[in-house]
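Each chain carries a letter (A, B, C and D) given by its place in the written order, and its residues are counted from 1.
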């Protein structure tokens, strides 16, 4: 019974024909259901009268694991709503979290798993620009809502080919505009030194800033980038200090944010106005540097920092602390990632309450027609608004300055859309 | 055989991995004797020594002065007084000559004794004394062989295993080396098992000898008996009786 | 000129940090021929232990001593439990085991202490020595001094103690070391323990500068590799010299070579390594390995 | 799936032991290998018709990794050189394909040979200095290349899209096939994989393969025997880079998105771990390694949701304990012992 290559091919073909004849695969849409009545024909996969299934993709392993805390805040919120409020509109929320290790191919795999195997109603948060970019074509082809993605890239709002994908947090370009606006008022001829992370996030914010100061007296005196794999940004900080700039824009993620703040504090010959971006403005970033070293630092915020004593008696914050202790007992509620998760989950709650049809199409339309929706964990005056020509749910931020042991908000809430006009590509 | 058997090997098999090299070797060596192991290449001579010092797997029994050695680790056997000068001399190349010698005394305590032993070794091998600070790797082949034997003696061994001490040495140097081995044996009553290609030399200093072929002992006897054996003479001594 | 000297000093400070981890890498490589990918993560874990001690209220120096002791024991334990079972396996298998250890320790640290950054007490005062326009931070001086002291202690250990001699014998010729009665297994475990201790020192030096979090040592490890390659993987003194060279080269290139800029400065140690290896494949201080047919 | 199972289990389950033994003996190792390949191919061809698209995608990625590991196997397993930078060649292939698709609108089948060729040439260029290095030092130089590639890709933004990366349309299935997109991508990848395995097989049986083995087993002796060492070492490096580049190209087809941060050092280290875990120098090593790289991280998360890395790290260590020569070696051991049991029966 010697098998030649030809024989091998013959066997293969036979088997192939046999399998093709007897078994087709389960069609991709098995389990896919549609609604009747007024919402007829719309997809109801993953949602029933008593349940909603959502899927999120976060880095739980690898170098970006810090963000793995966000889904814990979300889960705590949903657990609370499920147990005490009977779910969202009577529907208990199930939130499935998958790990992509911040790797795009893994994100694609997990998105497919969530949609095809877990049969989720929607992808609720994919974290990071690369992972979201790798998955949004798929989500939109499958017509699965990919909502409130955890990245501030501006393309989620400006793109028109992916109606099923939408962001949540203020985009990095808008944030840059807030800082530019502040400088135009305070230091109209500022010379700015910029430290930025050499990836989509840092580039987006830095480019946005450059565009926003175009035509003003403000100039970029020096720029330095770093890679996430760098051990330290100290060399970059030394080079920036030599520029003699009078403003320092710190566009970093937490660890590097602390390093840059510490380097600025150590250098007693260079004392610029220090603006740290929102990502690194958490108390948990400032505290290791020492509060005495970060006095007068400026940043912008849109949600409440649980470490900030001014929210001590805020009802939403009190609820947050109480329910976090109850539903996420091991977690420290002071970690701002938990609060972020709480805020975004609450935002989903509001959006879900506004849907006309409890379908995927209904959710897509609801998150694209938010009208001044208030969410307790967002700063007073910061609301969610979207529309046919507005794909950015949150576009308002408020400036704040560090004083004593907390941030002090100052000035009005800046609605960047009103202030600078809508963001376009 | 000798009346007072110091090293007793019974039914010893040994090898590497799946390959068995020794097949049930029996022999005994008297206290203070020099025993030569002869045989063709690949007969298992080196494996026999490695089996004695625990570097290969073994089956059977090895007793040194009544105490079992088989299936102990090499370092444990070394601590029981067996010094093995391996094929290729086992020099610690990057270390100095003095450090090599001191390593021989690694298992011993008592600083004074070690210093005295260093002097004793210098007595046997004066050339080493002039090179104490030199890196051992820079020594010539003969000097390295002296160093290896000196290192072995530093442990005050009860049993000295020498593997091909003449390998790669000039005839004059070899002769000198064997003379010293004889002296050591006489002065310190150290029992010696020597594996040697050069059967003449080995038989000159040995009291008894064994011929190993394909992992089995094929001939045993006193050095003179072996020398007189026609077969051995033909195969290993290069002449007919 | 003062600016140049200042950059030089800063480079030396960064280099000392790389050198300390490179030293730990070299210690293990010398004895086992294994590049321990988990070295940086082990150092990070040790640093967390030290942090835990200080948070519990122990004075810094006591916490340091305890941490070094725990790290030493931990290093030996890792050798006994994790590395020993694959001792006879191909070298690459052992290397991959250390990769597994890397992933494990990193994730475990995040699991136990979260990924939030922690501030670690700086054992050195904050000021700086000012001289002729040059300002040398006490912490830079401190790091350099600690690395020098560690080097000195290692030198004493290896050159002037019996254990050190035994360890060097194992590194030079493990088979022969066995034949003179050295317990090679224990010496290897001792080597791992020692490397873990030196690594702990490295982590504790790094933590006040970079802030403590589970990925703290990832970037440092790359530079430590470069340092060890440059100095020769079998030479502790070379590792230190290599570390300082890499630190200075990286800093100067980032500051003065316009085209390179801060984003490509990681290419500088790469270029150095490549250049050195092409001229001297065994590293600056390493011994040539001659393979016989 | 029933068919293949019967073929493999047939001799074991037969009621007449004597006939079973005779049959077992009549199947020589060569024949057994052909049968195994045939079965594997048959299963591979039927998979996309049996599984949901998500699983089809997973197996597509397994093959992508397997092709990359095939290259690494050539270098590490057959030539005995260690590379910690194969993620870089993978990235070069991926980017070459992406740039061709994005900037020049080349038809995608053309991108495969070109991307492979680019990686080959780059491997040749980097292989020249690598000739002088060995073991550890080569590993570190290749590691440095992998690290350096990321900022380099970001620097040349006009070509590579910078840190934002490039997004591309995936190859669409031709209408006549009647296949869905995931199935079409799967078969494209399968074709490339089969091609790659045939090529590697041919390479190893050629003069080049024999020379490589000589280099691995004893470099100095090989040189004495007249093997032109620098030439073959460089060639091994280049071939190996080529396979990684081809894998990268297919990756671009399948994922439709490349960005510098997708190809960080971890990818290179994962690939090396994959081939060692899979089994160096064996035919099935790359496939098993691909399965490991693809599935074990998800399994880790299923075991420990809070810290998947803890489980993943442990699993790597455990596999190396159980199978120090890789999963392929373990599979071989299991097969041999089963066979022995059959014979004795």
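What we mean here is this: a contact is a pair of C-beta atoms (placed from the backbone, for glycine too) under 8 Å apart; a residue touches a chain by one contact, two chains touch by 3 or more.
The chain lineup, named per UniProt: A = ABC transporter substrate-binding protein; B = ABC transporter ATP-binding protein; C, D = Branched-chain amino acid ABC transporter permease.
Just so it is clear, the structure is predicted and the values come from calculations on it, not from any experiment.
Asks: Give me the set of chains touching chain A intersected with the set touching chain B.
Replies: Shared contacts of chain A and chain B: C.
Asks: Hey, which chain ends up farthest from chain B, C-alpha centres compared?
Replies: A
Asks: With contacts counted as defined, which of the two, A-D or B-C, has more C-beta pairs across the interface?
Replies: Between the chain pairs A-D and B-C, A-D carries more contacts.
Asks: When the centre of a chain is set as the mean of its C-alpha atoms, what distance in Å lies between chain A and chain C?
Replies: 37
Asks: Measure off the straight-line distance from the CA centroid of chain B to the CA centroid of chain C, and report it in whole Å.
Replies: Roughly 43 Å, centre to centre.
Asks: I'd like to verify one number: the distance from the centre of chain B to the centre of chain D, where each centre is the average of its C-alpha atoms, in whole angstrom.
Replies: 51
Asks: Indicate the residues of chain B shared as contacts by at least two other chains.
Replies: none
Asks: For chain C, which residues are shared contacts with two or more other chains?
Replies: Correct list: 103, 107, 110, 222, 263, 266.
Asks: Can you tell me which residues of chain A touch two or more of the remaining chains?
Replies: In chain A, 61, 63, 65, 198, 227, 229 touch at least two other chains.
Asks: What chain pairs are in touch here?
Replies: After working through each pair, the chains in contact turn out to be A-C, A-D, B-C, C-D.
Asks: Show me the residue ranges of chain C that touch chain A in the complex, using the header's touch definition.
Replies: 3, 7, 10, 14, 17, 103, 107, 110, 114-119, 126, 137, 206, 209-211, 213-216, 218-220, 222-223, 250-251, 254-255, 261-263, 265-266
Asks: Taking the complex as given, what residues does chain D use to touch chain C?
Replies: By the definition above, chain D touches chain C via 76, 82, 129, 132-134, 136-137, 139-141, 143-145, 147-148, 151-152, 154-155, 218-221, 224, 265, 269, 272-273, 276-277, 280, 306-310, 312-317, 320-321, 324-325.
Asks: For the complex, give me every residue of chain D touching chain A.
Replies: So the residues of chain D touching chain A come out as 1, 3-4, 26-27, 31, 34-35, 37-39, 41-42, 45-46, 48-54, 57-58, 61, 147, 150-151, 154, 162-165, 167, 170, 180, 251, 255-257, 259-262, 264-266, 294, 297-298, 300-301, 305-309, 312.
Asks: Please give the residue numbers of chain C that touch chain B in the complex, ascending.
Replies: 162, 165-166, 168-169, 172-173, 175-184, 287
Asks: Taking the touch rule as given, give the residues of chain B at its contact with chain C in the complex, in rising order.
Replies: These residues of chain B touch chain C: 53, 55, 73-75, 78-79, 83-84, 86, 90-95, 99, 102-104, 106-107, 151, 155.
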